Each structure stands twice: as structure tokens, then as C-alpha cells.
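Report on the following structure.
Per-chain residue numbering starts at 1, and chain names A, B, C, D and E are given in the order in which the chains are listed.
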Amino acid sequence: MNESLGHIFVDSFLINNFVLCVFLGMCSFLGLSAKFSTAWRMGVSVMFVITVSGILSYGMNIVLVMLHVEYLRLIVYIVIIAATVQLTEMFIKKNSPALFRELGVYLPLITTNCAVLAVPLFQTARNYNFVQSTVFALSASGGYCMAMCLLALVRERTELSDISSLARGTALTLVLASVLSMAFMGFAGMGGGG
Amino acid sequence: MSTTTTPPNPFLNGLWRQNPTFVQILGMCPTLAITNSVRNAIAMGLATAFVLVISNGLIAAIRKHVPKQVRIATYIAIIATAVTVTDYLVKAISIPVYKALGPFIPLIVANCLVLERAEAFAAKKPVIPSMMDGAGMGLGFAFGLTCLGTVREVLGAGTFLSIPLFGPNFEPWVLFLLPPGGFISLAIWLLVFATFRERKQRQLQAGLTEIQPAEVRS
Amino acid sequence: MSGVTTTIIEVRTSPHLHGPLSVDMIMRNVVYAMLPLAAFSVWQFGLSALVLLATTTAGCVLAEHILCRANGNASTVNDYSAAITGLLLGLTLPPGFPLWMALLGSLVAIAPGKLLFGGLGSNVFNPALVGRAFLQAAFPVAITTYTPTLAKARFAEFVPTTWTMPLMKPPPIADWISQVRVDGFTGATPLVLQKFDHIYTDPWPMFWGQRAGSSGEIPGFLILLCGAYLVFRHMMDWRIPVAMLSGAVAAAAGFHLLDPARYPDPLFMLFTGGLLLGATFMATDPVASPVTPRGMWIYGVLMGVLTILIRNLGGLAEGVMCAILLGNALSPLIDRLTPPRPYGARKPEGAI
Amino acid sequence: MNLFGTKRLWRGVHVPENKEQTAHLPIRRLPFPPLLVVPLLQHAGKPAKAIVREGQEVVRGEPIAEADGFMSVPMHAPATGRVERIAPAPSARGELTMAIYIKPYPSASQEVLYGSDQDITQMSPAEVIAAVQATGVVGLGGAAFPTHVKLKPPQGRHIDTVVVNGCECEPYLTTDHRVMVEYPKQVLHGTRVVMRALGVERAVIGVEDNKPDAIAALRKANADRPDITIEAVAAKYPQGAEKMLVKVLLGREIPTGGLPADVGLAVFNVATLAQIGELLPHRHGLIERVVTVTGPAVSKPGNYLIPLGTPLRWVLEQAGCTDQAASIILGGPMMGPAVGSFDIPLTKGVTGVLVMPAKKAETIYPCIHCAACVDVCPLHLDPSHLGLLARKDRYEEMEEIYHLNDCFECACCSYVCPAHIPLVQYFRVAKQMNRERKARA
Amino acid sequence: MNSVVMIRFLGVLSLICGMLIVGVNIVTHGRIQINQETILRESLIQLLPGMDHQTVYVIEPSGELAVHTGGETTAKRLFAGYDKGGKLLGVVLEANERGYADIISAMYAYSPSAKTVTGFTVVEMRETPGLGNKIGTDPDFLANFKALDASHPITAVKHGTKKNPWEIDAISGATISSRAVGRLLANSIREMEPVIQRNKERIERGN
């Protein structure tokens, strides 16, 4: 499958947005989107981790295929991700303690964000080459970041209105996400020609 | 409720009281992604339950030997192993089911429910209760998925387990098979449960105030 | 107290004067401004459009009334906002749309689209569009089944799909369409014809109402007139529709220059589909749009460009609805990025 | 800014002016009330110190209280009579303040008997400032800020232009209007006094274009002097606010939290300068001012020259207030506070007495984000968002992110709000809460 | 806790985990292979009714065919199906094309001698349920592929306007997905036809 980079970008950023259309990274999407300041920080950290671990996984996958131990893929990927998160944490802690204080709580959570694991799995399944993988990792995580920010801003707005106690919380967030998802359906078919 | 004195049965706890889907709102990715048919929902639920039982059991077994600093890494490694095993087992059992669940079996690794149970329960309790907890949580999760799958399949396709329910002229609400429908169905269930819980709490509160108002305050 | 006859003093806070507008007045006038469109629609499509508009309007008003009461609150139907939602929803649906689906759409528009967020003023998205988006996703076939305008027997018979039994599939109407259509008018909308069959329709006749489409989106001139009425009475912000339409025209012109054979000209884009209706009556929903002047321009242009992007590149023939919903979702961000520079601020500053 | 020949304010609102009832009526004197109540604090700053004893006789124009420091002004007896007592009296704000009660003699004339002539051309700026302080003149546009303080700009600030505010944008009020029509010479004289005190070569008098007769009168009186220009500006509320006027006339923006002196300006109200021009040559003190008494419920509306300390009740009786239920406003309808008592005395800062009929209670709708308030806010704030935050008690955010403290409560937002949300009231409460929080911290 | 203990622990852990995975892999490998082959056979039989056995070829980057010996491959495959007598029934090809929502993966049967498409089945898609996804289920649509002339470029035309044997009668309301199928076939045949014709005899022999 030889997809153009533009297709990969539009596809993973908008049409098959990880969060709104493929349901990846749901826990953080629902859990960390109450505040915009948290959401975009989380989004950017995830972007960073996804890009780095995506590239590393691409390299590791070549090794795995060479050794004919494809069945170890999953465990290797998750180790790469955990290591990336750990390294990111250490790096930020050392170079920007202020940023670390703000992000500290969320960083370990990235390990259990399935959007992060999905990127290496998808790029392997789709046989992307190196450039494609990188573009895919960037656009998919960018899509995640964008969806996070959108939802967070919309949620912050609902904070200012009087919502019945019953709907407050996850149910309301889900309805918001659902409308966002419907709006994103408008992008479907983009680049499909016709 | 703070009035409970005996520790809850770990199995029932997960199945109902601390239901992962409706109460803890954990493991949302498969909950939303793999519930457009009841069959897939059940399969995914069972796969997760299986992973939970194995990983909880293994982690409980080695819990005393795990160095504290690397415990998360250890749990993740064990969970990844359990998931890989499940992955191959599902593939061996049925390829269509495997295809339907798509990438979401490997993604069980990143299901926060599994790690959460490892950290919150299996790391502190013996093997048997941990496995019970895993089974309870897993089945509770499967229950949640099935609930969601039912709404989505019945409304979205007019069928239940692929059996047509409304005759040939039924107009399915395609929306429910699409991503927005996943969000909406979960929102509906959460609203239903919230209403239910609110009412129950009010009754409980009313009942308790009548009998022993002092104890509620403490 | 000799001489002074005033005996009761009211102590109020300033200001002691108030401008002439009030929310219910604005909402009422928006309803008035949509009535000519509804009338035109009934003239074009006959009984089916009439019952469709009546169903959505009554559905929204009743849903709001009942749900408010069920929650133990006072009913808020008196502010006319539910009527706007209902009428607007009806105007965006195809004239022969099954009534049970329309009723469902009204319920969705009001319940999760509006009341769940806390009622008037709190909805993040335009409720009518939430209802329509739900219907579009749920019943993609029914919502793209258009019927010809000015059918001869339109005041004597209904479109066969109108009275579909609840929960049931609407009957196929291809035969009915070929039987009733008058020369020159087909069921397919110009956008669909252009996109899938590359059949170009002349824009100006469309502007005067000669085409198929959703029940209220057809008479371009009338939509602009009604919008002008609201702008003139200071009940609508003129910046958003102007920005949206110019954004759309600019984007369409760009595409057209790039490949005139494939992408139709801006005038065609302007007068087809729901662009005029959406820009005038939906994008301007104040609740879901930004409040800062610069924000309104950005918001409008963004929606216009998105509409054209979706129409030209996407899989759907029409993009107004998704564009406006996306605009709604972006409006908090736009507000945040375009804070007005306060008088005397020492340097321009952003709120982020 | 100069698109139609007239300088105009882009934000703000067109409020029905309602000035026609009184704009053509010449200023008339009001008779002395049976009892005058002269509060010691009629200005912004420290209260004056009484220098009379109970029972003492005072002559109209005689000082009865002296300034307590630089941020204070003296008081003068408004009428010849006897000091009844020195005791607390109600004030417009509600709290009690010390006041000198004077019972005028029944035969007391309106002639000012106290004072002696002086030639300001012979005085140094410091002497002018002292002389201005001695007149007791404060800002008569409503703020009541001691005028002489403005004549001494803060260290390091150079004033290049004097701006004279003749806009009077509040509906109903016509005091400044009448002062400009009837006393243009005094206005110009007062302007020269402050120019001299500040050492400034240039002055601009800004008058709204709905007062053509005032502009004509001023121009006529100023025919021979190019250093003072009279500019017409388009009528719009709140054109009379200092910040707006400065921006429209000279294109300068007073920085947040700053003073006109920060952009090289000093701003005075026309009525203030007219009083200085009138009083200073004779060493007189400020004992009366022009007040517009009007409103739908007043049978004899007009512009009255009222002795300071006249109780509200007397004014209303003289002007023929008839309505049974009403709210009484000191100042204009947009910013003036409503009072709860007939016994409060009129002070130096009162520009008008407005009697409005009782209003129907209006439904308050939720904010529909119509942005009308954003469009009119002359300070370019976001009242819509501020209002929403205020409802959720998020006062800190209002101050830190949304510039709450810039708001000067012109009430344009409340005026236009179709949902009838009392935005200005929200902002007052929010500011108060923030002040209290800071005081606690 | 010193790092030696940690590293030793992690080492032992990964060893155990690795062994566990390898064990499961060995146990299930055969079974999975059988499953996959069954699935493949079923879909081939569906496309080429009456098929008895098949040969799997891999199309090498050079455009040459090589008999596939098993195991995973990322290259495109070509299946040749034969009846009991060893006579070539047709070839089955895999193809992908971007549809409305995502990529449509499909398999179709092609008769090299008659140059017609004789069967079509969707392997994977995410087209709109109830609309676009009818390309995999709608009997009227699938009837297009009983004998679709492939000697002329295949196109999909609007529902009810099919005139020529190389046209696909689109599903009403799902024009984009139907056209995607048209493009899928046209592109794949344009690419594969020379390869098939070049190796026609070899495919007929089955080596």
C-alpha cells in the first residue's frame, strides 16, 4: 500500500481522528479534558512520546523481523513506550523543573494511553516506511492533541452554565464528544476523489 | 457507603458495586470501539477478563519480590505477556472474531483498568482473591460492554446477536454503529445509572435519617 | 413631608435606563424572519412541507416544555428559542422527510442539544444542527432523498415518505418522483448533480428559488431579505454571515481557478445547498459563536472555507452543517485567541 | 477618527437624551431651605475640619471648615445664618458623615458678602494652586476630586495640554450645557487659570455636537485667543468619560491604572472651570452649584443654582415632584446612584436630581452571548464573559484575565443587554469581593 | 534497593515472559495457520465456485510471479484456483482502494481467458454501515460482478443507468463507495493484466 503523505496526514489527523473516530486514548480524553491548561500540556506530551516511540518502534520492528520473532512485537513496543516516557520524564525533570511540576502527574499516565501504543501497531500493520511512519505518528498525535484541546475548551465553556447535577461529568462530556465526532464525519471521504 | 464494615466480596465488587464501565469509567477505548455488535462486545469483554485474571494472578504471586521502583514496568511486562497470550489464543480460536476485534486486543495492554487493578488490588492481596477480583472486574467490564453493545446493535442494526428483531422494514439508526453513536450510547447508560443511583441514595439517606440520624453524620 | 407627594422610594442600582431590546423580543423576531421562508417552502412543496415544519416546531416546543416540567423547572418555551430550533430544523430537512424521524430529530435537538447543557444560553452547539447532524448520521438515505419542487398535486397529496410508520423504512419514491415532476425540475439537488454527475446548474435561477433542496434553503433572495430585516433591527450580527459568505466565495474562487472543470464557480457555491440559510440563520446563533468582533470575522471565514473544503474535497455533497458544528466547537478557542485589547492596555496581550 | 468631520467615539451607546425638557431653561436660583446641612466630606480625599462653633453666626461665603492637608478642600457658608449644630448627617452613599447644620436667617440675601479681589496675573503657579484650594472647588462633573491637586502633576510628568470636558453625555442632565451657554467667559477664564497654574500653552474644550448653542457661545467668547480651541465631538454615551474624551480629542490612551498626567494631559470639567473663573478673582468660596432637576415625575424641571447643603426634600418640593412611587437618582440615569432618603443634602459632586417613575420588574434571561455588550464597551472589555464568571463567583479570574478593574461602570453593557443581566452590579460586587479578599490576605 | 537487584529482577522477569510467549506461540502456531488457510479457502471457493485446490503466488517487485511457500508476507498475492481435474477456474487477486471512510480491501475473481471479473468480495472496510457497506452485502450490487467485462476500463455509473458490460450499477445513495469499487477493479486490472498474461501458461500449469 503506497499512500501519499498527504493522505496519511489528512486521514489520521481528521478523517480517522484517533480520539473522535477510532476511540483511542479515551481515558485521558475523558479524564484530563476538564481544563484547557491541562489538556494541551497532556496533548503536547503525548505528541512528543508518540513521535519518539513511533520512530524507535519502527527501528525495533526491523530488528524483530530480521530475527523472526514477530510475536515479541507487543512486549517490545510497550517496553519502548515505557522507556520513552521514563526518559522524557527524566529529561524534563532535569532541564525544565517548572514544566515537570506541571506535567509530572500526567507523564506516567501516558504509558497506559492506548493512542501511544496504537501508533507503532498501526504503522507496522500498514507497512509504512520510515517517512510515512513519522508523518503518521505526528499527524495522529496531532489529531489527539487537537481533539483534547477542542473538548477541553468546550468543557470549560460549559463550566459557566447551570448544568443539572445528573448530567454533570462524564455523560455531558460524552455528548460533547459525540457532537464533535459527528462534526468530524464531515471530513470523511476527503481525498477519496469521486 | 461508609456504613459497610465487612470487606466486600472482591468478585461482586467488580461486577456491580465498582463496575469498571459505569462506576469507575475505566477502559473506555474498547468500551466505545468494540461495542457495535453484541458478539464483539462479549468477545472483547471476555478477552479482557481473561487478561485480568491471568495478570492479577501472576502479579499477586510475585508481589513480594517486586522491587518498588520497577513495579509499574513489571506489571506492564506481565500484562503485555498476558495480552500476547490472549492474542494468539483468540487467533487460534476464531479468525473472524480476531478480525472484528482488530487492533484492540493488543491494546488491552494499555487498558487502564488492567493496570489499575494490578496496582490497586493484586499488588497487595494474595493470589486467589486477586484472581477473583480480576474475574469480577473482567466480567463487570464484559457486562458493561454487552449493555452498550445491546443498545448499539439493537438500534443501529435492528438485530440482537445478528437475529433481526423488528422485521424487514425496520429503519436502522445507523448512527449507533458509528463513532458518535458509541459516545451517545455510553452517555445514555451513564445517565440511566446516575438517575438510578441518585434515587437509591436519596431513599437510603431518607431511610437512615429516620432511623439513626447520628450515624450518618459520623 | 409637605409638598413632596412621593411616598415610596425605590432604590435600584444604576443604570436606570435600559435599551429597547430583550431576549424574547429578539427570538420572536427571528421566528418572524423565518416565517416567509416557511411560507415559500409550503408554496413550493405543499402539504408535506407544511406538516414537516409543524411537526418539528411543535416537537421542539413540546419537548422543551415537558422536559423543563419533568425536571421541576419553569417552562422556558416563552422565550421562543425552542420555536426557532424547531423551525430551523424543519427548514433544513428534505420536504418529504418522514415525520417520525423529524420528531426524533426535534427531541434530540432539544434534549441533549440544549437542555442537557442547561438550556438557553448554555448550548455549546446550535441545537437545530445537533438534531440535524443526528438525523444525518442515523438516517443517511432518508435525509438525502429530495423531492421536486412545484409538483402539480402538492396541495392535494403528501410525498409518500412523509407518513412513514414510526421506526419503519420510508418507501422508495423514485416512481412517484418521475410521475409528479414538472419539466426542468428533478429531485436531485444541484450540489449532488454537480458533485457526482458533473452537471452544472445555472446559479441565478437558483437564487430566485428554482431548484430542489431542503425545505427552507431554496429561496436565496428571501433568505437574504429576512436576514437583512434582522440585521436592520439589530437582532443579528451582520459580521458572521458576511464573513462566512465571503470566506466561502474566496475559497470557492480559489478552487475554481485551480481547476475550473472540476470545481464549480463561487456563485454556484453561494446559491446552492444550505450556505445562505446556514450563514444567515445558523452560524449567527449567538450562543454558539464568539463574542469578540475579531473573533466573529475569524469564525465566519473559517466556516465558509470549511464548507467549501468539505463540498469540494469531502465525501458529502453538502458541508454547511459540519462546518458550522466545527465552527461552534472552535468558538471558545477563537474567543480565547482574540481577546479585545482593553483601552489603555500597555501592550497587546493574549489570554492564553 | 475624523470620518464625518466630527470626532466620534466608536464604542458606547446612543441613549435617548431626554435633555429637551431642561436644555433651554436658564439657570434659576432656588430659595434657601429652612435648614442647610453642609457635610464636611463633599469631595474625594480627607474631610475638612470645622472651624466654627455651634451657635456661631456665619456670613454667606465665609469659610466654615478648613482643608485638612493637601488632599482636602475648605467649606464655605452657603447662607448667612446661625450654626445650629455640628452632627452626623445622612449621605448619598448611605453612611452618616459629619456635617455643619446652618439655619439661614429668614431675611438672608443671596448676595455674597465675604471676600476680596485678587489679580491672578500677578501670582506664581504655587500661589494659584493655593488660591484654587482656598475656593474649595472640586470636580463638579461628579467625581468631586479636588481641583488644585490636578494642578500639581506627579513628579516626572509634564503636562502639555489642558482638556476641558464639556460633553455631559449622561441623558437628562443639562447643567454643563447651561453653564457653557450662560457663563462662557467664566469657563474661558477658568481655563486660563489652570493653564497658567500648569504652565501650559494649549487647551482643548470638547463639547458634544448636540449642544450647538454652547459651542457657539464658547467660540464667540474666545474669538481672539488661538491657544484655546473648541472642538465639537459626536454625541454618544459615555463621551464625557475622561478616558473617552482624551482618546477622541487627542488620540491618546490613558494607560490602565494611570492618570491623564501619564499622557501629558490634565482634564477639567467645564462647570469646575466656570466656578474657578467666577470665584478666584474675588477670593470667593464654592457655595452653590447648578443642578438639573428633572425626570418624568417632576412638574417643574429646570436647572437650579442650589446652595450646597440643601436637603433633597426641599429641592423636590420646589421642583414639584408628584409621583407616588419613584426612584430618585443623584446624577445621571446611567451611573448615578439611587438614594433611599429625602434627608440627604446636595453636595459639590451632585450634577442632577432625577425622579424616575417606578419600573416594572423585568425577566432576567440567561446570557445568550449576543456580544452586544462587547460591541459597546468603551474600554474594550468582554462584559459577557465577565458576567458569566461573576455568576460563578470566579472573581479572581475576572480581575486577572479579563481586566475587571479597568471597568469604570459606565453601564453601557447593562443598558444594551437584551437578557437584562445587571452586569454593572455584578462588576461592582466582584470588585468589592476582590478588595475584601486582598484586604484579608 | 540497589540497581543490581532491579536489573536481575527485570532480567528474570523478561526471560519468563519471553518464554511464556514463545511457548504459547509454539502451541498455537499450527492451529492459527490452519485457521487462516481455512478462511482463505472459504473465500476462494466463494469467489470461484467449484474450486478444489489452489496455488498461491507472490508478485515480486519486478512484476514476476513466485510460488508462495507459506508464512507471512507483505507482498501482493495472486491465487490461482483449479477444479478437480486441475483445470484453471480463474485467478483471485487482492486489491485496495481508498473508499469513503477508509481503505477498502477486497478480493476479486478474474478469468484470464475471458478477461472478465467473475466475483467480488470485500475483505475489510469501514464504509458507512447501512449505506456504503452495502458494497459487501447488497445482492443487486454483487450481481454486477457475475460477468463484468474487464477488457474495457471498468467504471461505476449512477444507479439504474448501466448500459455497457464494463459498467457497474452503483448503489443508490452510496455513489462514493461504489465508485471506489470501480476504481479498485480498474486500477488493479490495469496493473495485473500484463503480469497475468505474461505468466498465463505458468498459472494454467500451476507451478
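One rule holds in what follows: contacts are C-beta pairs under 8 Å (C-beta built on N, C-alpha and C of every residue); 3 or more make two chains touch, one makes a residue touch a chain.
These numbers were taken from a predicted model, which means no experiment stands behind them.
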Task: Minimum number of chain-to-chain contact steps, chain C to chain E - done: 1
TODO: Select the chain whose centre, defined as the mean of its C-alpha atoms, is least distant from the mean of all protein C-alpha atoms.
DONE: C
Task: Best-connected chain pair, where connection means C-beta pairs in contact - done: C-D
TODO: Report the inter-chain centroid distance for chain D and chain E in whole angstrom, where each centroid is the mean of the CA atoms.
DONE: 86
Task: Geometric centre distance via CA averages, chain D-chain C, whole Å - done: 49
- [ ] Could you grab the centroid distance between chain A and chain E? Build each centroid from C-alpha atoms only and quote it in angstrom.
- [x] 31
Open item on the list: Can you compute the centre-to-centre distance for chain A and chain B, using the mean CA position of each chain? Integer Å is fine.
Closed with: 22
TODO: Pull out every residue in chain A that's touching 2 or more other chains.
DONE: 71-72, 75, 160-161, 167, 172, 175, 179, 182, 185, 188-189, 191-192, 194
Task: Shared-contact residues (touching 2 or more other chains) in chain B - done: 73, 77, 80-81, 84, 88, 174, 178, 180-181, 184, 187
TODO: Note the residues in chain E that touch 2 or more other chains, in rising order.
DONE: 17, 21, 25, 100, 128, 130-131, 175-176
- [ ] Chain pairs that touch, all of them, please.
- [x] A-B, A-C, A-D, A-E, B-C, B-E, C-D, C-E
Open item on the list: Can you tell me which positions in chain A touch chain D when the two form their complex?
Closed with: 159-161
Task: Residue ranges of chain B touching chain C (in the complex, touch as defined) - done: 166, 169-171, 173-176, 178, 180-181, 184, 187
Task: Residues of chain E defined as touching chain B within the complex - done: 1, 5-6, 9-10, 13-14, 17, 20-21, 24-25, 28, 31-32, 35-36, 38-39, 124, 128-131
Task: Residues of chain C that touch chain D when the two form their complex - done: 1-19, 21-26, 79, 118-122, 237, 286-293, 296, 335, 339-346, 351
Open item on the list: If we count contacts the way the header does, which residues on chain E are in touch with chain C in the complex?
Closed with: 100, 128, 130-131, 158, 160, 173, 175-176
